[in-house]
Amino acid sequence: MNKSIIIGVMGGGKASPKDTNAAYRLGGLIAEQGWILLNGGRNTGIMDASAKGAKDHGGLTVGILPDDNPGRASKYIDIPVITGMGSARNCINVLTSHIVVACPGGAGTLSEIALALKFNKVVILMDFDVGKLFESYIKPNIKQGTLVYTKTPEEVIAYCKKLHIQKEGVLRNFDVF
Amino acid sequence: MNKSIIIGVMGGGKASPKDTNAAYRLGGLIAEQGWILLNGGRNTGIMDASAKGAKDHGGLTVGILPDDNPGRASKYIDIPVITGMGSARNCINVLTSHIVVACPGGAGTLSEIALALKFNKVVILMDFDVGKLFESYIKPNIKQGTLVYTKTPEEVIAYCKKLHIQKEGVLRNFDVF
Amino acid sequence: MNKSIIIGVMGGGKASPKDTNAAYRLGGLIAEQGWILLNGGRNTGIMDASAKGAKDHGGLTVGILPDDNPGRASKYIDIPVITGMGSARNCINVLTSHIVVACPGGAGTLSEIALALKFNKVVILMDFDVGKLFESYIKPNIKQGTLVYTKTPEEVIAYCKKLHIQKEGVLRNFDVF
Amino acid sequence: MNKSIIIGVMGGGKASPKDTNAAYRLGGLIAEQGWILLNGGRNTGIMDASAKGAKDHGGLTVGILPDDNPGRASKYIDIPVITGMGSARNCINVLTSHIVVACPGGAGTLSEIALALKFNKVVILMDFDVGKLFESYIKPNIKQGTLVYTKTPEEVIAYCKKLHIQKEGVLRNFDVF
């Protein structure tokens, strides 16, 4: 395996069929780029769907689990990282991802968006309107700590490419330009 | 010392004079009730101001620090809890608080509001409009996992009292009713 | 409350009557010095006994709990810090303590001794022979990262005093000299 | 990639040439079995050497980093998991590993051995005498929470195979029998 980009996909443990379908397609597209998919690792909602999408398309999947055992891990996760730290693992999710994609979700997902922006990550919202709360993070030029709106998995991937994340530098520096 | 209620005060490390003044008054009122003030422990913004308010009014203050040493602790913190875990300590802030008060802040504060709601805490916003993002958490009857809007420190205290948090049960069960 | 020294008392969740009696006496002596007792916060073994000792002698007690709720907290803990992080909270136990006292215990206690030495704390063993494993940390002159053998609670307290921990500097710098 | 076994390799950030050579060989042998190598991820000592060994032999490597950025990651780590939690990440190291191998190291490594035994992992010591401290964990029949002495990388691998860790069950249940 060559060094690769890690794309974090956040989103609800409970999710609508529309949202899980989109997450599945996103996972597949991430795999097709040769990127690693990272998520919260559980066998429900956006986590399970995005991991399945990646696996069905030959990808590698990493799940950062809140539990202290792998009992609730998605079967589509290759590398279950067992933290035993509950929601404190949300920090690890976003710190480890070169780019964070947020699908619709509840309070847990919102905490991950907030933490990602605090850690100066680019956060791409996929069909998820977070209202005016984070609007100060929407900037004319994409840079670290920026929030981006998209509607579809294809748009997410286009944005990731635009960020030139394939550069070697990304892996070491977490720089996106 | 008798068993006591722990009120968590979240808010920006950078804050306007108006907001730090309000945080100082809130800290003082918390101390006057005989409650413990908990915050993120650092020597800036809402953290420093609320701790000073509590100390100037005879209170006890607990600071949950992100650093692995107490070098940036506020001098108004009696018990600096040194986590060495960065923003992962935000989980501890809200889990340890019986009630969470959120003053104006940035992404870190928003992550704490989100985590508190996820953990089924009552979150009282003090002069902090978070828009529609969390609006599904605003409920007609206050219960766990509810978001409440207030304008002043006095209103915050009134709400805390309304929650009957002086009940012994709060300490053991984190129930608010 | 004035600024005070925090003494961490580690030890088994299961403990012999002899060891819990000694832990109770140690807690009492810590309280009598006006120091704060910190431990793992649970309602069993060395944790419960040392907290009870401190409370029976007018002390203040802080418990760093592994759970995400206070259900298993000792009733002798004044300030239950709820981490939800399992054994990762062992780091917080030792980082927060100015001096770490280790009573007999199992693997959890050994991890705390190891982490404390890694964090350059003075670790005082009380009637607990850890064999040659940590012997490189036993030094002729006590300094940070040193392991000290004692037999009784009274000897522990004498050592703490010898370290001049009453100095203001301890609180801010974690220096013991 | 098929589901695979994760072998955690712990050991000092500073290490002798003899120990880093052995760690390099161990990493290579782990890779040759098709297993994933996990370690603390940094670019020094046992971590760097074992990761290099695995990469030179076509393996996949996961590093659980204490830092909040990948600046000190080994270049032989494929998946740098960024925790920002300092030594609290030691818990993640051992929870995530199906079997823990401990090479010679200091207090950090000892904390990992202790935590692994607490979490009921099999810990294989490689040319590392930990004296009588953990001797109660050496048992006639290998089971969870057991400490095993070995001398060479080859012996470590033989033990891992003996544990039938290739069974599918290991991945989901962390059972070794």
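Here the chain labels run A, B, C and D in written order, and each chain numbers its own residues starting at 1.
Here is the rule we use: contacts are C-beta pairs under 8 Å (C-beta built on N, C-alpha and C of every residue); 3 or more make two chains touch, one makes a residue touch a chain.
Everything numeric here is computed off the predicted structure, so don't read it as measured data.
**Q** For the interfaces C-D and A-C, which has the higher count of C-beta pairs in contact?
**A** Most C-beta pairs in contact, of the two: C-D.
**Q** What is the chain whose Cα centre is as far as it gets from that of chain C?
**A** Chain centre farthest from chain C's centre: A.
**Q** Please report how many Å separate the Cα centroid of chain A from that of chain C, as a whole number.
**A** Spacing between the chain centres: roughly 40 Å.
**Q** Just give me the whole-number Å value for how far the CA centre of chain C lies from that of chain D.
**A** Whole-Å distance between the two chain centres: 30.
**Q** Which chain C residues sit where two or more other chains touch them?
**A** 68, 84-88, 91-92, 119 - these are the residues of chain C that touch more than one other chain.
**Q** Would you tell me which residues of chain D are touching chain A in their complex?
**A** Residue list for chain D touching chain A: 1, 3-4, 6, 36, 60, 62, 64, 68-71, 73, 78-85, 88, 91-92, 95-96, 119, 171-174.
**Q** Quick one: which bits of chain D touch chain B in the complex? Just the residue numbers, please.
**A** 68, 84-88
**Q** Quick check on the complex: what are the chain D residues that touch chain C?
**A** Those in contact with chain C are residues 85-88, 90-92, 106-108, 110-111, 114-115, 117-119, 130-134, 137.
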